[in-house]
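As C-alpha cells, the structure follows; a few thoughts come after it.
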C-alpha cells in the first residue's frame, strides 16, 4: 500500500519557467477556473512566487517520516506538495528539511498542515504555503507514499503536474495541459494589459466590457437619492 | 428590487481628511464603542490607513458584476464597501478593478469576501480590507444594488457614512455624527498624549486613573507568594 | 477569590537571556515536545523574539481592569501572559499599556484575546502574540487575579515560568527546568549545526539518520512510474 | 446612549400566526432572498417553529443585565432577539429567564451568543436559536439598549419586525412588508404543492421548469461514458 | 468544458446492499484507512445509513441549476454526491429536489455545501450529509458537470464509486475494490465480534491484543501515586 | 517521561452521586465560575448527565494506544478524560473501547478529539463529549501518560478531580473542593427554586433582584417609541 514512485514524468522546466510573468489568478482564469487550492493555505512570507513540477507526498497525521523519503525523489525545479491523510496542523517542516530541499534545487513547499522555523525559512527565502505555523513536532513511525495522486486543500494533484504559487494562493495545472494553459495565460495577460491602460486612463469597465445593455435587460434601475 | 442610488450626500472631504491623525481604536472609543466591523476583515498589507465616504454595494455570492456598476458611482475620497448577500470568500476584486478605482480617486476597498492580485495591489498601494485572499474568480450574471444600506461584517453602513480603516480594523461613523466624533477623537487623543507621557515616565495607570480605592472596594487582595 | 500574588520567584535573567540563540521549535523539542501554546496565538509583526519570566493574569471576558493591576507587578525581563476566563477576542491591550510595560522593562505580551494599536506597537517594537487584532474596547468592572497559575492557549503557565516566543509561536518552560532545558537546547542546536552543514552539502537525511533499513522493515517499496 | 424604547408598534399577532404553515426557506424566497440570519445560529432542539414580533436587545459582551430589563418590555407573541456588541459565546440565557419569558407569553429567543440549561429548555419546549451552548455565566455591570435597531447574525432587525425561526434558521421580515410577504408565501407554497405532486409522480424538474433549451444554449453537452 | 456523462458503470446493487451491516468506521478500516470524507460533513438527522453508487455533480458556488440536470441521470440505489467549485454554504437542496430524487429511488445526498427544509427532509426520511443547514437560496445561471470525477470534502469521488454514509460520516470505495472491501469488512466485523464479547466480559485490550510487552519496550513505566 | 500513575485518590462516589440533581451550569456558578471546559466539546447524543472521578490521559496526536492502557486504571464511577498533546480531530474512541469501559463501570468519556461509532454508543447509552465525530482511525505507536495533570479544552484536570458533564458542557471540580461545591450547589438550587416559582407566576427579575435603582444610577433611560 505504501509506495514511492520514482521518476515520474515532469512538466518541462522551460515550460514551468515560462509561467514566471503570470500570477495564480491569471493562470486559474486561463484554465477555466479550475485547479485552485483552498484559500486557507497561506504563504509564510509575502512576495514569493514559484512554478514547478509537483513531487507529491501522502503522509500520516503528525508524522513527517515520509518527507525525508520524498527529498531523495526531488530534482531541480520541483515543488514538494504534501497532504496528511487526516486533518493536522502539526509543524511537519522546518529549517533542516528546507536546507536539504534547497540543496537539491527544489523551489518551495505546499503543505496542508503546519510549518515551523518560519524566521529561518524567510531568511533563506525558501517559500512555504501552509495551513498553519506551528512549532509542534512530529514522530517518525508510520509510512506514507510519494508520487501518488493526492488531494491537497481540495484539489487533486498528480506527480509531475505543474504547481504555481504566489501571494494569492496555489493553482495546479495538469502536465498535459501546461503548454496550452501557458498560451492562454499569455493571451489573457496581453488582453488585460490593454484593458488596464484604458481603466487607468479613466474609462469605465461598464463601457469597455459593454455591460450597460445587459444590466438594463436584467432590470437594473438607477435612482437619484432623495434627501434624507 | 435592484437599484443604483446615485449622488448620495457624502461626508465632507475636509472632515474625512481631518481624521488622518486618529486611529480606528481612537475613533471607536470616541463614538462610544460603536460602529466597529468584525475583526475577521484584515488588511492585505500592513501600514495602510484611510478615511473616506462610503459607496456601498450589496452583491450576490460569487458574482462581481455590480462592482463594475459601482465604480461609476465613485468620486475622489470615496471608500468602496462591499457585502455579499450570503457568506462567500471568492476573490471578487483584483488589480484591474483597483486600477479603475484608483483612476477615480477612490481610497480603498472594504469587502466581506475575498480579494486577489494582492502582490499587485500592494505594489500600487491600493489598500483592501477583506475576509480572505483567494484567486477564485466570479461570474457576472446576477444583479445587486449600489448605495443602499448594507450590513458589512456585522455593522450597518449607509452610503455617505464615514469609513475609517487601518491595521486595527474598520470603523463606520454616521455622516451626521462625523463632525462630533472628530471633536471627540481630538479630545481623546489630547488626553491620551498626557497620559502617555506619564506612563512612559514610569507612573502607573493605577495611580493616574485613581483605581486603587475602587479595586479594594471590590475586594481585591494582595498576598506575597509563599516559597514553594 | 481574586488575588494579586506579589514577588513570585522568577527564572534568573541570565538564564532567560541565554535562550536568545534558540528558537521556540528548538526549545520545545529540547524539553520533550511539551509546553507549546496553541498555534492560533500569532505575533502582530514578524521578526520578534523574547525570553522572560511570566507574570500571569487571569482576566474576565471583555474587561481589562486587571492589566493595570498587573503592570505594577512587573520587573525588567518579565513577559506578561494573559488569559480570559471565557473565550474573547476583544482588544484588551494597546499603545498606552505598552508604554507602561515598556517603561518597566517588560519584554512583551502573550494574550489569548485581542490586541489593538498594532501599528503603534510595531513602531515602538513592543511585541505581542495574540489571538486576534481588534479595536474593540473593554470595560473596567470586574476583578481577576495576578500571578496565579493560568491556562493560556492550552498550556498551564505558573508565575515565574520561562516564556519564549518567536515567529513560530510560544513555549513555556517551568522555572525549575529552565537550566536543564537550556543545556538541552544548546546540545540540540550543536547537533543540528552539523546536520545542517551535511544537508546543505547535499547529503540525504535518509542516510544521515540511517532510516533506510527501518523504512524497508516497515514495508516501504519503490516502483518506477509506468508511462501513462 | 443606553435606552429602553417602550411600546414599539408590533406586527399584528393574527398576521404572525398566519405564517405558521410557511417555513423559513419559503418566506426567505417569498421576500426576494433577503432577511436571512447567518447559518451559525442553530436551534437547541429540532422541530421548533415560531413566528412573532421582535423585541430587540443590544447587549455588552459577557453581561446579561439587559435581558432582565428586556423581559418587562415583552408581550405575548413576541420573540426576543439579542446581539452582543462584540463577539461572545458566553451563556447569557438559561432556565430562569426562560420561565420569566414564558410567563409573559414570549415564543422564543434568537441570540448571537451562548445559551445554557438546554436540557431544561428542551423539557419546557422554550425554543432558542443560538451561536453556542455554553454554561459560562455572565456579569451584570454594564448597560445596553432595548428596542433599538440591532444587527444580529448579519441582519438588521428593528423592534416590531416579524421574526420567523425553524430548523432551517431565522428570517426577519420588516413590519411594513409582513402582509405582502404573507401573501407571497401563500402563493409560493400553492405553486410548490403542484410542483411537488408532479415531482413525486416522477416528472423531471428539467421538464416542469422548461430548462432543457436554456441549458443547451449555454452549451451543456451530454456524452455517454466510455468504458474504462 | 461542461458535460453530463450518461450511463456510467455502477457498483452492483447487490454489492452495495451487502454493506448494510457495516458502518463507515468499519469500512474505512477495512480498506486501509482511505476514502474518508472530511468530518465537517454531518447528517441532518441521526440514525440514517445508506450505501449506493455515486452520481457526481461539480457545481458553481451558490447555483443549483445542475442538480436538476443530475436528477435525470439517477437510478434506484444511487447516491448523489455534490461539490461546489469554490467553498459555499448556501442551501442548494430542499424538499422539492428530495421528492424528485426519492421518486427515482435515490438513497440520499452528500453535499459539501448547505441544505434546507431539514424538517421536511427528516419527515420523509430522505437523508442528507451536508456542511451547513441554510435557508439561503441559489440562482440557476451557470453550468457545471455531472458524472465527472470530483473532489468532495477532501476525497476524490468517481461516478459509480460506492458511497457509504452513516452517523460517523461518509466513506468512498472505488467501484473496482467494492467486492474486496466487502469481504474485508465482513472479516473485520467477525473478528470484532469475538473481541467485543471478551471486552464485555471484562478482559482487557492490553491482554487481548498482547500490548504489555511492546509498551514496556517503548519505556512505559508504572508508579503508584504519592499521597498529596 | 511517559508514566502511568496508579491508584490516585478519587472523589468519593457518594459525593459524586450527590451531584445528580445539579447541572453543569449550576455547579459552575456554585464554584465561582471556574472549571468550565471549552464549549466546543459537545455530547454525541442529547440527555446524558454524569458525575464521576477523573482518570486522565495525555495522548499523542492520532494515536490511541494509551486509551487501552488507561482502561486498566479505571474503576466504577470513573470518567475518562483525554487530551491530545497537539490539536487533533481523529476518531480515537469507538464501540470496542466503550464496551471495555462500560464493563469496568466507567460512566463516560470526555475527549478533546474525535469519537466514532456514535450510533452504537448512543444505542448502548455510553455518553461521550468530544470535539468532533470522525471515523478516522488512529495508530498505536507512541506512548503517553495516564493519571497525570492534563489541560483538556482549556481547563487543568487532575486525576481524581470530579468531572460533571451534561447537555451544557463539562465542568471540573477539584477533589478537595467537591464537598464544599456540593453544598453551594444545593444552596444555589434551593434559592433558584424560589426564584423560579416567582418568575413563573409573572414577577419580574427586575423586582425580585432589586435591579431598578442600580440601572437608573448607571443612567438607563426609558422612552416611548415615536411613531414612524
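Here the chain labels run A, B, C, D, E and F in written order, and each chain numbers its own residues starting at 1.
Here is the rule we go by: a contact is a pair of C-beta atoms (placed from the backbone, for glycine too) under 8 Å apart; a residue touches a chain by one contact, two chains touch by 3 or more.
The shown structure was predicted, so the numbers you read here are calculated from the model rather than taken from an experiment.
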**OP:** Identify the chains adjacent to both subunit E and subunit F in the sense defined at the top.
**Re:** A, D
Subject >> Turn needed to bring subunit B onto subunit C - CA fit, degrees, nearest 5 >> reply: 120
Original post:
Would the interface of subunit B with subunit D count as same or different, where same needs over half of all numbers used to appear in both copies?
Top reply: same
**OP:** Report the chain pair from B-E, E-F or A-B that duplicates the C-D interface, where duplication means over half of the contact pairs agree by residue number.
**Re:** B-E
**OP:** Quick one: report the Å distance separating subunit A from subunit F, using the average Cα coordinate of each chain.
**Re:** 42
Original post:
What is the distance, in whole Å, between the centres of subunit C and subunit F, each centre taken as the mean of its C-alpha atoms?
Top reply: 28
Original post:
When the C-alpha atoms of subunit D and subunit E are each averaged to a single point, how far apart are the two points in Å?
Top reply: 30
Subject >> Where subunit C and subunit E are represented by their mean Cα positions, the distance between them in whole Å >> reply: 40
**OP:** Would you please write down the residue numbers of subunit A that are in contact with two or more other chains?
**Re:** 33, 36, 39, 86-87, 89, 134, 136, 142
Original post:
Does the chain-touch network form a line, ring, star, complete graph or other?
Top reply: other
Original post:
Hey, which chains are touching each other here?
Top reply: A-B, A-C, A-E, A-F, B-C, B-D, B-E, C-D, C-F, D-E, D-F, E-F
Original post:
For subunit C, which residues are in contact with subunit F within the complex?
Top reply: 1, 32-34, 36, 38-39, 85-87, 149, 151, 154-156
**OP:** Note which residues of subunit C are touching subunit D in the complex, please.
**Re:** 60-63, 86-90, 134, 136, 139, 141-142
Original post:
What does subunit B use to touch subunit A in their complex?
Top reply: 2-9, 45, 65, 68-69, 71-72, 89, 91, 94-97, 99-100, 102-104, 114, 116-120, 122, 132-137, 140, 142-143, 147, 159
Subject >> subunit B residues touching subunit C - in the complex, by the definition given at the top >> reply: 23-25, 28-29, 33, 36, 39, 42, 46-47, 49, 166-169, 171, 192, 195-196, 199-202, 204-206, 209, 211, 215, 218-225, 227
